[in-house]
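Quick heads-up: structures coming right below.
Presented sequentially are two complexes of chain A, the first with chain B as partner and the second with chain C.
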Partner chain A sequence: MGNIGPIIVLALIAAGLVWLLLRALKGQEVDRRVIFAFILVSVAAPLLMPVTFKAKPTPIVRALFDAIDELPEGSRVLLSFDFDPPMSPEVQPMADVITRHVLAKKHQAICMTLWATGQAQFNITMNDVIKTDFPNLVEGVDWVNMGYKAGNEGVLNVIRTDFKKMFPTDANSIPFDSIPILRGVRSCGDFDLIISLGGGRPGLKEWVLFVGDPTGVPIGAGVAAVVAPQLYPYYPRQLVGLLGGVKGASEYESHFRDNYEQYRDMPTPAMVMMGPQTVAHIVIMAFIVIGNVLFFLARRKEGQS
Partner chain B sequence: MEHLTFWGHFGVWVAAFLTLGIYSFLYRDNPWYKFTEAVFIGISAGYWVVVLFFDNFYGKFWVGRGEEPMLWIGAILGLMMLMRLVPKIGWIARWPLAFIVGATSGLWMMNYLTSNAMSQVQSTIMPLFGEGFGASFGEIIGNLIIIVGTFTGLIYFFFSKEHKGAFGATARVGIWGLMITFGAMFGYTVMSRMSLLIGRVDFIFRDWLGLIQ
Partner chain C sequence: MRREIPLIITISVGFLAILSFFSPPFEPLGEDFTLFFDIIAVFAFFLGGGNLMRVHIDKLIKRKKDWGFSIVTLVGFLVMLVAGLGKIGAESITSDITREGLFSTLYYNVHLPLGSTMYALLAFFVASASYRAFRAKNREATVLLIAAFIILLGSTPIGQMLTNWMPEGMSILEIPNLAVWIMSSPNLAGQRAIMIGIGLGVVSMSLRLILGIERTYLGKDSG
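Moving on, here comes the complex of A and B:
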């Protein structure tokens, strides 16, 4: 009985699409607001009546998971929160699950941001993941928040050789030398893995160009889908793994949950979002088909006249 | 929702009001949309002014001005940039601008050449059957697609010879490769934009209306 709701909604959407096609075939105009309404329903319905899919990790997602998983305990992982609220629905789930993975493996998490808005996004991860799932971890010993520094790639160009020069204190104004987790960190070369979370500029591309390639430190990333196709060519030579959009995030969440029993009940926002994503994509594909049918019909009519 | 304070609830209502205001444009242009758009632009500008003032001017220059003489050069260049606001001496702003253009090009040129040209070329020159012939069937197909796609794509952009015969056929394969790439990029863009919509709809249903627990 629990599945009857989504089935009814999907049937209604399908019937609506057929109605649109028939209407269009008769040459009647379709108001653009009708299309917007379809998209709204196709997004809202799976949220109200959740449809979840089990996501199997693709090799590029699995590679990032393995890169974190195979590091020896206590490795230094730099996490850069380079995103803002508009990117949050896609990138925040990645930031949360990757941070959870890093800390569950008992690595040291050094967090920073190249975006002024990234500080607030880190706070979300800090409250929802670090303080909730790892209340015993100590700030400054197990993890640290270095905060935001303006300067885009200029910041990366400096921290490549001198981390302390750009970050003389952490976000709470505690001096660099007084932070235990940073003992032995001179430059980016002292990190075992760097993970860029974002999708704009500065972002992954700058991390690869200014830090990853010159120092040889492995770089992984989670990025918004809109930039993912431009970044895939960096894999596997210049990137250890990449999560592209909410699909990549859902694959990572699913794989992490399968491998870490203790987090079986953790929130999986990306997996929840894949329901509306899938339905919305099917509706858009249907619109593309309807649009093309009409285009070819109109062309044939023009040819006949 | 229960644990929110009065101001927490107030914030959720304001966010819902602004979200609906922005989406009201989909029906048609209206004063509610214009208001929310103006609020967004104003708050964004204000936020950046405050952040950059405290991070750059105060955090970098003002705090370290006594120890780092080089910071004064940056401060003077910054001041020169503001000369744009005075039309008569606006030309002074060209100097710091020239400095930025020069420094940025220098910074990017070598890194770009190494990472985006050399390394990418190196990634394309690969053993078709994997190192030690260890590649799976799927990997071999993938390698073939990369090699053929790169080669035919480059042929398409070679305009010194007319695209006819075998050369033209190769270029057409390149066009197909480009079209498939654009299709994939469009698909990813749709996914990204849908994620934004899902985020806002989720906010409306979960945080504002409390329909999702």
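Moving on, here comes the complex of A and C:
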């Protein structure tokens, strides 16, 4: 019974698209406001009546999962929260599930940001993941928040050889030398894995160019879908794995849940968002078909005249 | 001297930056330059804020087109600035404003949803643009159209459901894997070409700047 609502909405959307196709066959163009209305319904309805799908991880997503999973317990993982509110719906679910995975594997999470807004985005992960799922972990011992540092790739250029020079204290103003988790960390070369979460500049590209390549530390990433195509050239030599957009995040969430029984009931925002994305993509494809019907009809008319 | 001093600074800093990258003894110099850059960047924050105020106050006074939006910009800017610098609502002066106080309330309840909404509007424009632009006008456009369909389907669970029945040996033909192949093969080739082109462009422009050939950054009277 719970699936009746989405089925009715999908049937209505499908009926509307068929009606538009029939109009197109008569040569009637579709007003862009009609397109906007269809997108509104196809995005809003699955959000109001969520349907989640199980996602099989693609190799590039699985590679990042395996990179974290295969590290020995207690490895140092640097997480860089380089994003802002516009990217948040896509990247925050990645940040949450990756942080959960890192801590579930008992790795040490060192968090930082190159974006002024990244500090607030990290707080979301801290409240929703670290403090909720891992209340026994101690800040400074099991995880640390180094906070924001201005200077873009300049910051990376320095922490590549001297981490303390750029981060003399953590976000709570505790001196570097008094933080147990940072004992033995001199440069980025002392991390076992670096994960860049973002999609703008500075972001993954800068991490690869200024830190990954010179130090040889493996780099993984979760980025907004719009920039993912530009980052494929780095995989697999300079990048161990990549999550692109909501799709990548949902695959990771699904795979993580399947492999970690204790987190079966964890929130899966990316899997929920796949509903609107799926319907919206199908509607966009339907409009492309309608557009092409109109185009071929117009071309045939031109040929006849 | 108005031209010579900036030129000398650019040339010397440029050469020292290259030296610090390629010569290990000079490596600390590069780190110091980064710190200098950070200090200079702080002044850019003031300059940016000041410029924002100047542009929008001018627009407001002269009642230029859409001056109403300038009021929203100025009020938003000043409220966030005062809330952040004044640490309004925070427990103490040392509190992290992204965790408590008015700044954090405004960030999570106004800036975050508004920013996400603005970005989400892209979906509407992408749909409208796809309807108008993706037309099989010729062979190349048809190939692009097919690739777009595979990527669109591959980014949904439907793509997986449609081809999940395929045997393991033919998994490359599953729509999500085909989408990944398009991204990591034809797309990769194009992206690499663009990146190499940009890289060569950056090298040539940097050399022009360091050697003093490119002077447009000095302004109109740079000669």
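Going forward, the second predicted complex is superposed on the first by the 304 of 305 C-alpha atoms of A that agree within 3 Å, B and C clash if a C-alpha of one lies under 4 Å from a C-alpha of the other, contacts with A are read in each partner's own complex, and residues count from 1 in each chain.
Criterion: a contact is a pair of C-beta atoms (placed from the backbone, for glycine too) under 8 Å apart; a residue touches a chain by one contact, two chains touch by 3 or more.
Predicted model only: the values in this text are computed from it and were never measured.
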item: Contacts of A:P229 with chain B and chain C, given as first, second, both or neither; value: both
item: First, second, both or neither for A:I7, with chain B first and chain C second; value: neither
item: Partner chain in contact with A:S88 - chain B first, chain C second, else both or neither; value: both
item: Which of chain B and chain C A:V293 touches, first, second, both or neither; value: neither
item: Partner chain in contact with A:V158 - chain B first, chain C second, else both or neither; value: second
item: Touching partner for A:V138 - first (chain B), second (chain C), both, neither; value: neither
item: First (chain B), second (chain C), both or neither touched by A:F210; value: first
item: First (chain B), second (chain C), both or neither touched by A:L47; value: first
item: Of chain C and chain B, partner touching more chain A residues; value: C
item: Chain B versus chain C as contact partner of A:G245, first or second or both or neither; value: both
item: Shared contact residues on chain A - chain B and chain C; value: 36, 39-40, 43, 86, 88-89, 150, 154, 157, 225, 228-229, 233, 244-245, 247, 277, 280-281, 284
item: Complex contacts: residues of chain A adjacent to chain B; value: 33, 36, 39-40, 43-44, 47-48, 86, 88-90, 116, 148-150, 153-154, 157, 199, 208-210, 212-214, 224-226, 228-229, 233, 237-238, 244-247, 273, 276-277, 280-281, 284
item: Of chain C, residues touching chain A in the complex; value: 27, 30-31, 33-35, 37-38, 41-42, 94, 96, 98-99, 104, 107-108, 111-116, 118-120, 123-124, 126-128, 130-132, 134-137, 145, 148-149, 152-153, 155-158, 160, 164, 176-177, 180, 183-184, 187-188, 191-192, 195
item: In the complex with chain C, residue positions of chain A that touch it; value: 30, 32, 35-36, 38-40, 43, 53-56, 58-60, 84-89, 119-120, 123, 150-151, 154-155, 157-158, 161-162, 165, 171-173, 225, 228-230, 232-233, 235, 244-245, 247, 274, 277-278, 280-285, 287-288, 290-292, 295-296
item: Chain B to chain A touching residues, read off their complex; value: 26-27, 47-48, 51-52, 55-56, 60, 107-108, 111-112, 114-116, 119-120, 122-123, 181, 184-185, 187-199, 201-202, 205, 211-212
